[in-house]
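There are structures below to look over.
Across the two complexes that follow, chain A remains constant while its partner is chain B and subsequently chain C.
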Partner chain A sequence: MAKAVESSGELGTTSPRPLFAGLSDISISQDIPVEGEITIPMRSHIREFDSSTLNESVQNTIMRDLKAVGKKFMHVLYPRKSNTLLRDWDLWGPLILCVTLALMLQRSSVDSEQDGGPQFAEVFVIIWFGAVTITVNSKLLGGNISFFQSLCVLGYCILPLTVAMLVCRLVLLAEQGPINFMVRLFVVIVMFAWSIVASTAFLADSQPPNRKALAIYPVFLFYFVISWMILTFTPQ
Partner chain B sequence: MATTAAPAGGARSGAGPEWGGFEENIQGGGSAVIDMENMDDTSGSSFEDMGELHQRLREEEVDADAAAAEEEDGEFLGMKGFKGQLSRQVADQMWQAGKRQASRAFSLYANIDILRPYFDVEPAQVRSRLLESMIPVKMVNFPQKIAGELYGPLMLVFTLVAILLHGMKTSDTIIREGTLMGTAIGTCFGYWLGVSSFIYFLAYLCNAQITMLQMLALLGYGLFGHCIVLFVTYNIHLHALFYLFWLLVGGLSTLRMVAVLVSRTVGPTQRLLLCGTLAALHMLFLLYLHFAYHKVVEGILDTLEGPNIPPMQRVPRDIPAVLPAARVPATVLNATAKAVMVTLQSH
Partner chain C sequence: MAAVDDLQFEEFGNVTTTPAENPDATTINIEGPDESPMHQPGPPRGSGGEEDDELLGNEDSDKTELLAGQKKSSPFWTFEYYQTFFDVDTYQVFDRIKGSLLPIPGKNFVRLYIRSNPDLYGPFWICATLVFAIAISGNLSNFLIHLGERTYHYVPEFRKVSIAATIIYAYAWLVPLALWGFLVWRNSKVMNIVSYSFLEIVCVYGYSLFVYIPTAVLWIIPQKAVRWILVMIALGISGSVLAMTFWPAVREDNRRVALATIVAIVLLHTLLSVGCLAYFFDAPEMDHLPTVTAAPNQTFVAAKAS
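The block that comes next holds the complex of A and B.
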């Protein structure tokens, strides 16, 4: 699927500020003036269709989208106070991560008692409904972030936990025992902390300053549940 | 409909739909509505809509071109350009009208601004309310104040779910983890919403002065005691400790809720009925949570320590005392699976 967003993102940094850009300074917290197209009116998008991205080859599109996703992964792995995830949000990354995690958490054995089927759906539903709940909660608390931006950030911040899942899977190839468990516990705890720090770096600025803790707490619970699922996974 | 709700948040969002887009950009007054008009503003959003629009515009242009091509070659460019532009404008207007209607319908039904005033809390307030939920107040002659907020109760319910899941950290439960997770969420939310509604109904019968929101908030904060007890006893598996905590902590939070209800009810029979029901349900729920989700650990302790079952403390189970260690997990799992199936079937 072609995405004009990338070209607009790149254009946005070099072209003169669009018409209502001044409004974005009012709406976001004062420390970090957000640049870019959070409040761009529709008009400025139409001009991008002259350089249509629908005509390019599929490979170009896919490579561009993958690069965008990869860039955001880097932002999550090294969380700084940046607005890339908020500005050019997309849901491809969260989808890839969610599907990967759900596939890895699936039981490998097909037993009458242990049905591998529901695991995928459970993980999927928990991740997406958890993210929606957190987003609704942060909006109700007076947050200044759009629905999909929040979903994007929460989804991307699952990346450390997906890495933890990979590591756990590898560790589980070795013989089981308390050492095995301690290693996995340590990895999961570190990645859990990383996820929370990453999502806090992105989400905290959109909340009113005295309510940051109220908005971060459900994020903590959400990643805790996912970490629990990862930690207690054993293939049989 | 949303504007009939007294809080200012509802009234503000109803103040003129054409300015709805502007209002969202102003700080603090942001509507919590998922505003479809502004969904376009974040880059990458509704690209399909843009793509559709573009396709439609192109089709219109192609049609206009095809129509123009049928005419004589003597037509100058101005005429063809004019026709193309007209059709483009018509398409644009149709699109705008349709989108406006859809977003208006959407914002009418999906207006979560109704809930906004119930989430208007500060962390200090939440903290003090959590602590107060453990302190029963003696003054029952004057109706006690109940904070009508939903953030604290909602977070406590989610915390309870997380603690329940954590309590099943022994490796043998993970095989049914999917169903157990759904069960945990269903149990906690079912208790909170169901018992609140039931007690509200009883309160209506007993002429107690309490609203549904207050009941939800009261019961939600009452779950704080449950969270503490379960968190401690899932990590320290001592039955005596559990009973002590059950009486102490559970009792305190129940007493608090009972005191609030008593202060709002008139008449000894009504008070007895209402508070007795609430106390029984609240304490029994904690008992249920502990035992229903604790069976796995019990089973393992049983097989490790031998069958020295103290009277009336453990549920007799069908795990034979002599088992090779390797086969314990499967059998314990079976017992757990059976327990879960029984629980699910009885729901």
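The block that comes next holds the complex of A and C.
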């Protein structure tokens, strides 16, 4: 190293030599191996930025996304404190759930009475505007969760309520009556509690500790309104 | 503040004249123009602040002015600006709700609980809860009232949610706007000691609506007398919170204007509660017959006659 410094320090005294020309004279001692592999710690399924995913078949792409969505569904159904929903957020699952729920909740256009149940657009808007409002609220209170992560969690935690809607629709095929109503009420209450527990497990850690209740209450209100819409659904 | 004397800023005059006397010498003036004025208000601030406190009637007006000045420093297009309106903890929100439920005569809600930290969390979410409470309770109460009738087919009445939302949010934001504009206009004519910012008025209105949430739930009970008693109680509580908050702001004014303002505030509040009761909750029939076995025609005629 000293040799190179000396040779590059001789400015203007000898004939001009290229900079660092003496570096090639440096010999690295053989007993300091400078070889190996540099690895960047990557997430388990980071997408490579070359065209390897571009060439794969459409089925592969769809199956990969479906598997990711399905994995998150499992995380919602068995909520543990994990980061999967937050780390690899996606909005496909919430979209599928929201569309399913809105399709099942909308009143049929056959009866055009004034005060029926919600329309498809009303359910859609309530779910998405409600989720956005809760996210903005939790960010304004000082939570350190990103916008889309929060939307992802709130959307995925509608899954128990969608299951409740399916069960209610099946139960409504039977004869109506108080027992019918009690069964539906029980199912909706259980699924509502499940949604709250699941979303709290994912969201509570990102809030400042003295404002947790302030951030969780709107989630409670949101799922309560959706549960109410499910419970009061009456087929024509 | 002995350090002030040590710094000896009176040497300014000597320093500035040296370039004229000795042009070759370089004088470096590190004293900024905005630093010397700060030392003058230092000593008088301690004694003058207490006089201001007594005039305004606030214990810590100096501190709150400083705090208010420090808070809103971000420009309004940044996110941090809006975060200052959500700078409340859970216990503070509970305290404010408790203050709106238990109005202590003589105590001002704004001065006691808000203290230059108005938040938008309370008004927004209390209004949202109230919207759904009224819509759901109205629906439930109608269902229970018409339960036995053969011709009654339950509908969720979802359209009423949007109507309720429009009414409640318009009341909670437009009435404070009008009141604030009115108070500012009167302030320009009569120098009032107490004046509220727009957000503080929104805050008071938002928290005063909290008492209507349990009232709406209790309105499910299909008895006229019970409902009107509830209206009286709720109106008494929230009306008194509003009246006690705004009386100090208008009492310096012309007597009639002050009274008219307070009456208008309470009247609008009454209008809101009675209007919600009338629109969302069907009148319970006093002579409602649980017709289970009657023919549909007879039931319809009986229901129409009552």
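A few comments on the model shown:
Assume the second predicted complex is superposed on the first by the 180 of 236 C-alpha atoms of A that agree within 3 Å, B and C clash if a C-alpha of one lies under 4 Å from a C-alpha of the other, contacts with A are read in each partner's own complex, and residues count from 1 in each chain.
Convention: a residue touches a chain if its C-beta (ideal position, glycine included) is under 8 Å from a C-beta of that chain, and two chains touch if they have at least 3 such contacts.
Keep in mind that this is a model prediction, so the values were computed, not measured.
Once the two complexes are overlaid on the shared chain, A:204 sits clear of chain B and of chain C alike.
Contacts of A:140 after superposition: both chain B and chain C are touched. By the touch criterion stated above, A:87 is placed in contact with chain B alone, chain C being left untouched. In the overlay built on the shared chain, the residue A:148 is in contact with chain B alone; chain C does not reach it.
The partner that reaches more residues of chain A, of the two candidates chain B and chain C, is B.
Look at A:234: by the touch rule set out above, it reaches both chain B and chain C. In the superposed model, A:54 lies in contact with chain B only, and not with chain C. Residues 113-114, 118, 122, 137, 139-142, 210-211, 213-214, 217-218, 221, 224-225, 228-229, 232-234 of chain A contact both chain B in one complex and chain C in the other.
Those residues of chain B that touch chain A in the shared complex are 25-28, 30, 32, 34, 38-45, 47, 50-51, 54, 57, 112, 115-116, 118-123, 126, 151, 154-155, 158-159, 161-162, 165-166, 168-169, 171, 173-179, 181-182, 333, 337.
Residues 1-5, 8-9, 12, 23-24, 26-28, 36-42, 45, 49, 52, 54, 87-90, 107, 113-114, 118-119, 122, 126, 136-137, 139-142, 144, 146-149, 208, 210-211, 213-214, 217-218, 221, 224-225, 228-229, 231-234, 236 of chain A are the ones touching chain B in the complex. Those residues of chain C that touch chain A in the shared complex are 79, 82-83, 85-86, 88-91, 93, 121, 124-125, 128-129, 132, 136, 139, 153-160. Across the complex, chain C is touched by residues 113-118, 122, 137, 139-142, 210-214, 217-218, 221, 224-225, 228-229, 232-234 of chain A.
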